[in-house]
Amino acid sequence: MNTNTQTHTVKSFGEELDRLSDDVARMGGLVETLVSDCLQAVMRRDGELADSVIERDRQVDQMERDIEKRVIRLFALRQPMATDLRMTIAAYRISHELERVGDLAKNIARRCRVLNESEPHEMTRSVERMGRLVISQMHEVLNAFSAGSLDDAHSAMKTDDEIDEIYNSLFRELLTYMMEDARTISPSTQMLFVAKNLERIGDHNTNIAEMVHYVLTGEDWRRDRSMSDPDRES
Amino acid sequence: MSVSAITGLALLVLIAAAFYAGRARAVAVSGDKPVRLHSLPNYHGYFLAAWTAIPALAVVVIATIVERQLGMSAWTSAALTAVLSVLAGLAGLSLARRRINTGFRARNHVERLIDVVLLASSVIAILTTVGIVASLLFESLRFFEAIDWRIDRFLFGLHWSPQIAIRADQVGQSGAFGAVPLFAGTAMITLIAMIVAAPVGLFSAIYLSEYAGPTTRRIVKPLLEILAGIPTVVYGFFALLTIGPAIRGAAEWVGDLTGIVALQNAVTQSALSAGLVMGVMIIPFVSSLSDDVINAVPQSLRDGSYAMGATKSETVREVILPAALPGIVGALLLAVSRAVGETMIVVMAAGQGANLTGNPFESVTTITVQIVMLLTGDQEFDSPKTLSAFALGLVLFAFTLVLNVIALRVVQKYREKYD
Amino acid sequence: MSTVYHDTKIENAKVELDNVGVTYGSKTAVSGVALRIPDRSVTAFIGPSGCGKSTVLRTINRMNDTIDIARVSGSVKIDGEEINSKSVDPVVLRARVGMVFQKPNPFPKSIYDNVAYGPRIHGLASGKAELDAIVETSLKKAGLWNEVADRLDQPGTSLSGGQQQRLVIARAIAVSPEVILMDEPCSALDPIATAKIEELIDELRENYCIIIVTHSMAQAARVSQMTAFFHLGDLVEYGPTEAIFTNPRDQRTQDYITGRFG
Amino acid sequence: MTSADRQSAVQKRLLKRYRDEARFRAFGIAAIVFALAMLALLIGSIGSQAISAFTVNELTLRVELDAERVDPAGDRSPDSLRRGSYNGVLQDALRAEFPTVTEREDLRDLFGLYTPLVAARLLNQVADNPDLVGQTIDFTFPISDHADLYLKGQITGRESEVLAGGFTISRADGRATIISEAGVFAAVRDAVRADLDLRADAIEARAERYETRSEAAGDAARSEQSSQDAEAARQQAAALRALTRDDGGDLELTPQLPSRLVRIAGGFVSVDAISADGRSVSGRILVDGDADTAASAEVLTLSVPQADRRFSDAQIAWTEALQARGNVSEGFNTWLFTNADSREPELAGVLGAMIGTVLTIAVTMALAMPIGVFTAIYLEEFAPKNRLTDLIEVNINNLAAVPSIVFGLLGLAVFINTFGLPRSAPLVGGMVLALMTLPTIIISARAALKAVPPSIREAALGVGASKTQTVFHHVLPLSAPGILTGSIIGMAQAMGETAPLLMIGMVAFIADVPSLSLDGLTEPATVMPVQIFLWSDGAERAFEARTAAAIIVLLGLMITFNALAVFLRRRFETRW
Amino acid sequence: MNTNTQTHTVKSFGEELDRLSDDVARMGGLVETLVSDCLQAVMRRDGELADSVIERDRQVDQMERDIEKRVIRLFALRQPMATDLRMTIAAYRISHELERVGDLAKNIARRCRVLNESEPHEMTRSVERMGRLVISQMHEVLNAFSAGSLDDAHSAMKTDDEIDEIYNSLFRELLTYMMEDARTISPSTQMLFVAKNLERIGDHNTNIAEMVHYVLTGEDWRRDRSMSDPDRES
Amino acid sequence: MSTVYHDTKIENAKVELDNVGVTYGSKTAVSGVALRIPDRSVTAFIGPSGCGKSTVLRTINRMNDTIDIARVSGSVKIDGEEINSKSVDPVVLRARVGMVFQKPNPFPKSIYDNVAYGPRIHGLASGKAELDAIVETSLKKAGLWNEVADRLDQPGTSLSGGQQQRLVIARAIAVSPEVILMDEPCSALDPIATAKIEELIDELRENYCIIIVTHSMAQAARVSQMTAFFHLGDLVEYGPTEAIFTNPRDQRTQDYITGRFG
């Protein structure tokens, strides 16, 4: 994300900042594929794809650590100010969020293995629908970051409510499902966690959108979660 | 004359040739790649020129000295000198030329030579002082010998009349060389001069540097500098022609009015007129030295004071003057030293009578006046009369030296503070 | 060009500048500066060289009066009183507005006399005891008392650079000014002395309205509560320091703060 | 203390502070006014004196170059021409103007109208052009200094009054009596009486003062002295009063009274008696007239009595007559610039001294400039900090403040007595002045070198220049204007210096213009300031104006040099 | 946490840093009580306590926002270096972790309500044991932060393995339990989430301990989670 | 006291100092400094005033030779060659080791002559064309060519402060040095000019071994790859800049970097 038309007088500083934001975007791209792949793996019961997701999450972790290092280096050596400061802080925060998303994707991939051992689950479609929504939200957020687009960020935040709704209904359905058929308890629990993880990915996406908002405007526009959405963690 | 002129010309040509030879040689040994040389080709040229010039000139100098003692005919010696010096130059050139190669540090050699020349120049200043001290001391000793080593009578004697010839059997009566009237006269005139110059000089410096606008400064400063550039003989004439008669007239008038005899007996060549004019002469000296000193006080101190709400005069009195005080004291001491050593004004305007008086309207004499009196005209270098001038010179030199040393110390200390 | 003001309410404005301009001969140094500077806080003037920040500072105690060719226009008020009016004597004004310069400039007097200088010329102390008290208090406020209490009769110039600068601050405090102007007070000092002066400025802000011109953005960030950014003789932006440094509104401020220059 | 308290405390002292301020400022202005007033007085008094020296009255005579007298051998050879009696020729020419003057004493006075030295000029003119022998030529030369001063009104005040009404003149025995039908001389008589009364009054007033002082004086001796003075004055006054008494006899004009000359019928009569009725005056004929009657007469009143001047009434009459005949004309005094010194003021010029100055200063600069600059470079750039260089430093600073006369003593003792160099020579003078100027040049050169910021040296050293290269490539060129300025100032200072040159005998009277060459360096010479000193001491009054004129020339030179220095400084001044 | 014996020459900077670390410690204390209270509420089926936890979490969110603001301010105005820089970064990161912990505690408190509607759960004891362990780990971590103790931090990291083990066995037990009795599915799912949340609190504690380690040593001593503990998210 | 070295392998050491000490008269300025400075990188010397950082810098081109009372001990090697040996001519050495000073010090000559001076005295160009080429290349490397190409005959002193400093750098580059020493090259410049110089330093590091003494920690952080911290005449700590600024090992370094002073 480049928030400034003019270049830094000290070019290398500008380059470092650009590289940081590029890295975050790249990390975002990787995490996005992880999320979509793990969903794919669940849908198609594709164990190999799941393994690959688990494998690739280590890359994400490494990327987070790199970005974190680069951020600390920037603070120590460049003392960024104003938009640069906000950008640096945001990169740090966003990479952290992405790492969590990566973890969650990996977690979904792991559950995929367990699910593969049991019958195909009926709720898979619903979860997939939710997954698509999360992925599209994530795409929007990452776009917002790369292009510095405030509108995309705001739209992504709104999507989160929708995701929460889907999750809530899914949760109830899954409970019903388990009660109906005790054999499905284990896969359903896994499914529950998949849904839960997707919901949490949505939360992280929202956080990222909030950071984008902060970088662009300098305002802290975090929604007071407990107020707007009292039950979203349930 | 003509032979030596030709010799000179020949040597110049030779030296120039040596320079070009050196340069060409250097380029040649580098294989036309001067970058490979340690020193630029020009330095090789200088090196060769120096090694040609030094032996040649040495021969000329030796020849000049030897010539006097041998008493050869002028033409022969000149011709011989010419031949020998050119030969010496050629010898130096060919010897030096062999040393040129790529690694040869011609520059370092040339630079060492320059160092020697520079050092030799600066020693001349020391030789001057040595010359002064030696000549004064030597002649003074002869004088003291002539007055039978009664230095006390010279320094503390109250009667000065060197015109009395002193015969060999009268040596004991050299009381005529009592210099106290001279010292007193010098002191009085200096005092008068400083009374005029110190306040006027100081206040004009203050006004010019702190109060005057740029226009005033641009006009007044050069005018004051003119005062400094006027030769002392002109001041003497001014005193003689204008100030002396004016003071005498005024004194007589006041004297007639008040009946003060001292004023009525005022003369044209008086201590006052000499002192006053000398004071005027010293004004620019004091003011420019003070001006330097005041300007050396950093602007930040002035700003500091103004920012505290001080007025200009408060700033000057409380900040600038204390800061500049050592410098100003040094300047005044230098001014005193100058007044004491000043000659022409007193010679022309103060008279010659060795009066021991406190009356500024009388004529007094000073050390410098007496030196001039004793040494102009025909001199007998063994007569104590002539020699006494050197003794006076010694006193004058010693006194001004002490003053200068103190003044310079003070000024130097001051300078260190703001450097 | 118009100035960007952050919407911070300044209720206790001590110094108010309105449409202030300064010209040197035919050259315009600054123009159209309007500022409301709060009391009991530090306000920093920043900007590139030649932006006019020092010039504006010097309008506040009329130090531009000492420069022949300087002409000041507009209104400068302290406590609502216009200081450029003829009825205000600059001598009296400068007793109210202290100033500290780039290079420490203690007078060539003793430490005591340096501090006593202002009270003496303005006749603020009625006796030796009172003067002693003023000197002690001022030196204490300047954080110098412990270091010099036993050598008040030594020349002020014998102190180190940082101590000299604190002595100069003590000297300014001694006439109990209401406003203290500082023109790059640390630019001649090393980082250690600088840190001490910054510390002192931070303490002094409890009692004075301090305005500091600084070359160093970092210093402005550290010591000031309000920051004014000047550029080419214009006041570009004025607001709380934190806002200026994290979220400047004007592009020029942004570029300067983040190191993107022309 | 609250803000308001403090305000009022400050306000209370404000009035007094501003009063102090005004007083301080006034002191400064007074100091500058004083200094400038002295400068104006100096320039004014000398300038006004000098003006008259720049013009001179020249006398033109028709001179008959009688071959026998100017060319005794008759072969027109230089030798022969040199033995000619040119003075005699001139004397004859003058006698031809006033044929009536025959008395030996009168003739001596008459020949006093020119100095015999001009005969040498006539000789030179003839020697240059031997064809002139036997011709009669117009020869122009400066009139004697007294005549010149008279014509410029500097010897005596002169009032002229034309009386009309018809006069008859009777001559006898070199005296003449002029009778006025109208008794117009009464006015002259009354004026003389009034003058006498005035003088008597003044002397009586003095006598009174002596008397009061005698009474006031404490000790007897002084009281006695004063009363004697008073007595003498009383007698003097009484004698004057006696002269004025109208006893019916002629009123005698003694030489102690202002002279009256009557110009009548082309002749001059100096009045020594006026008849009591004011109808006639009588006196010596100074210049014979051409008629026995005249319609008008002009009375010249010369305010300075003949006894108080060295230019007699007769000489005045002749001068007036010559002027009336058109033989005298006033012109620019070129002699002042083309002649060397002379005993006769009208012939004295500054050329010799100027050439002496040029030679001396040339020696000074040739020595002082390189040595001074080298020393400065050594001390400032190369010298290690050790005792030797410290010594040199202290030394130079002290030398700068050593009185100039001491350098003269050094020159006398070392250059003349020890080395045996010639006295009075520009070479020695130049050497002494070089030693004297050396510290000035060194100090200013060092200041100029020091003004070159060390950063320039560091820069040069940093790119690998050697120390010598650094100095000669960068530092010296940058400081050249400063060094040059300092040198010029030192030169001007040396040019105005007198005292040390007195010591080495450059006070000699040099009537020849020294040669402007190497040989001139060792020949006796004098310099401008010394010339001024010599003239200021001159016995002739006319030297006073010439001294002033020489001063103006010297000042002109020095101001030129200083202006050059100022210009250089302004032009090349660099601020770092 | 004060890592330096000497004080800052600019005292106010030192004070700001001290205040930041105090605030983090205070936030830690508050979050610690939230965790212990929510556990209490679950054990004692205390709805009011649960409400209070939910209420107090808003305070925690506010604190996080304050700390974040203060950190950005420090970066912009003070340019912290070396330990100060690490401390500032850590405060930012730790406050974020604590906020997550607060959210998780709030989440547990919410589940408490659902649990209260059903029968007391048999697994409560086991969950309580796990809770006690998490709380003690948290205590240790916060101690490590306040006192700058490296040993405490390392010991807390080790505790995390233990917690993971307990969680894994609890997960299996709960699955068995649900399969045995379909009626317990709903409360068991809640319990599952409570356990999961506790496990995640343990993770956050570990992260905090890692930050403490970083502040004190300057080394990034993060365990590569995927390696050391392949199944901990399962 | 012994130095803390971060264990970074420096394989391409250009300059090696071993046990270097400098005394001024009886005063010891620095002692026991051992450093291996890598080629093609920027090494910063930092530390409080009087810590000896400039003194150490000046041992590398023997500028201490120009100070009478300075005595240098120990060994300084460039490319393994001892430079303090008698066989090394300091003049030749200084052509290999360029130096840039605190205050921009162009010669008061034309821009062209400023740059051409070094090549001329060292006889590096055999003709006008070659000299022109050197001047142009140097100015280009110093990033000044575009600004001055059309006015090479104007005096170097007519440039602005920052341009002057770049001119001085071009002048140093013109003799193709291997090492460039910079003694607080930006302390006399404003932030904008400073940024440009820093940018230039960053570019130059590709071809030269650059050693910079700086007052400003921030500057050291921005431009250098290696940092050496000096304190009271000792080299306290030496290592990669990032490590020095984020994780210094010595308490003194830590205190200095974080602003905790004596």
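Lettered A, B, C, D, E and F in written order, each chain numbered from 1.
Simple rule for what comes next: contacts are C-beta pairs under 8 Å (C-beta built on N, C-alpha and C of every residue); 3 or more make two chains touch, one makes a residue touch a chain.
Predicted model, so just to flag it, every value in this text is computed and none were measured.
Chains that count as touching both chain B and chain F, per the definition above, are C, D.
Hopping across touching chains, the smallest step count from chain A to chain B is 2. Chains joined by the most contact pairs: B-D.
With angles rounded to a multiple of 5, the C-alpha fit of chain C against chain F returns 180 degrees of rotation. Separating the centre of chain A from that of chain F, both taken as means of CA atoms, is a distance of 48 Å. Between the CA-based centres of chain B and chain D the separation comes to 28 Å, rounded to the whole angstrom. For the pair chain C and chain F, the distance between C-alpha centroids works out to 36 Å. For this pair, chain B with chain C, the centres built from the Cα atoms lie 51 Å apart.
Counting partner chains per residue, chain F has residues 91-92, 121, 192, 195-196, 217-218, 245-246, 259, 261 touching two or more of them. Chain contacts: chain E has residues 8-10, 13, 72, 76, 79-82, 85-86 touching two or more partner chains. Residue positions of chain D with contacts to 2 or more other chains are 10, 17, 466-467. The chain pairs satisfying the stated touch condition come to A-C, A-E, A-F, B-C, B-D, B-F, C-D, C-E, C-F, D-F, E-F.
Interface residues of chain F facing chain A in the complex, by the touch rule stated above, are 192, 195-196, 198-199, 202, 218, 221-222, 241-242, 245-246. Within the complex formed with chain B, the chain D residues making contact are 10, 17-18, 20-21, 23-25, 27-32, 34-36, 38-39, 41-42, 45-46, 49, 209, 213, 216, 222, 370-371, 374-375, 377-379, 382-383, 391-392, 394-399, 401-410, 412-414, 417-418, 435, 438-439, 442, 466-468, 492, 495-499, 502-503, 505, 507, 529-530, 532-533, 536, 544, 547-548, 551, 554-555, 558-559, 562, 566.
Listed in rising order, the residues of chain A touching chain E in the complex are 54, 57-58, 61, 65, 68-69, 72, 75-76, 79-82, 85-86, 89, 92-93, 96, 103, 106-107, 110-111, 114, 175, 178-179, 182-183, 185-186, 189, 192-193, 196, 220, 222, 224-226, 231, 233-234.
If you check the complex, the residues on chain C that touch chain A are 217-218, 245-248, 254-255, 257-261. Only residues 213-214, 298, 300-301, 303-311, 314, 318-319, 322-323, 417 of chain B touch chain C when the two sit together in their complex.
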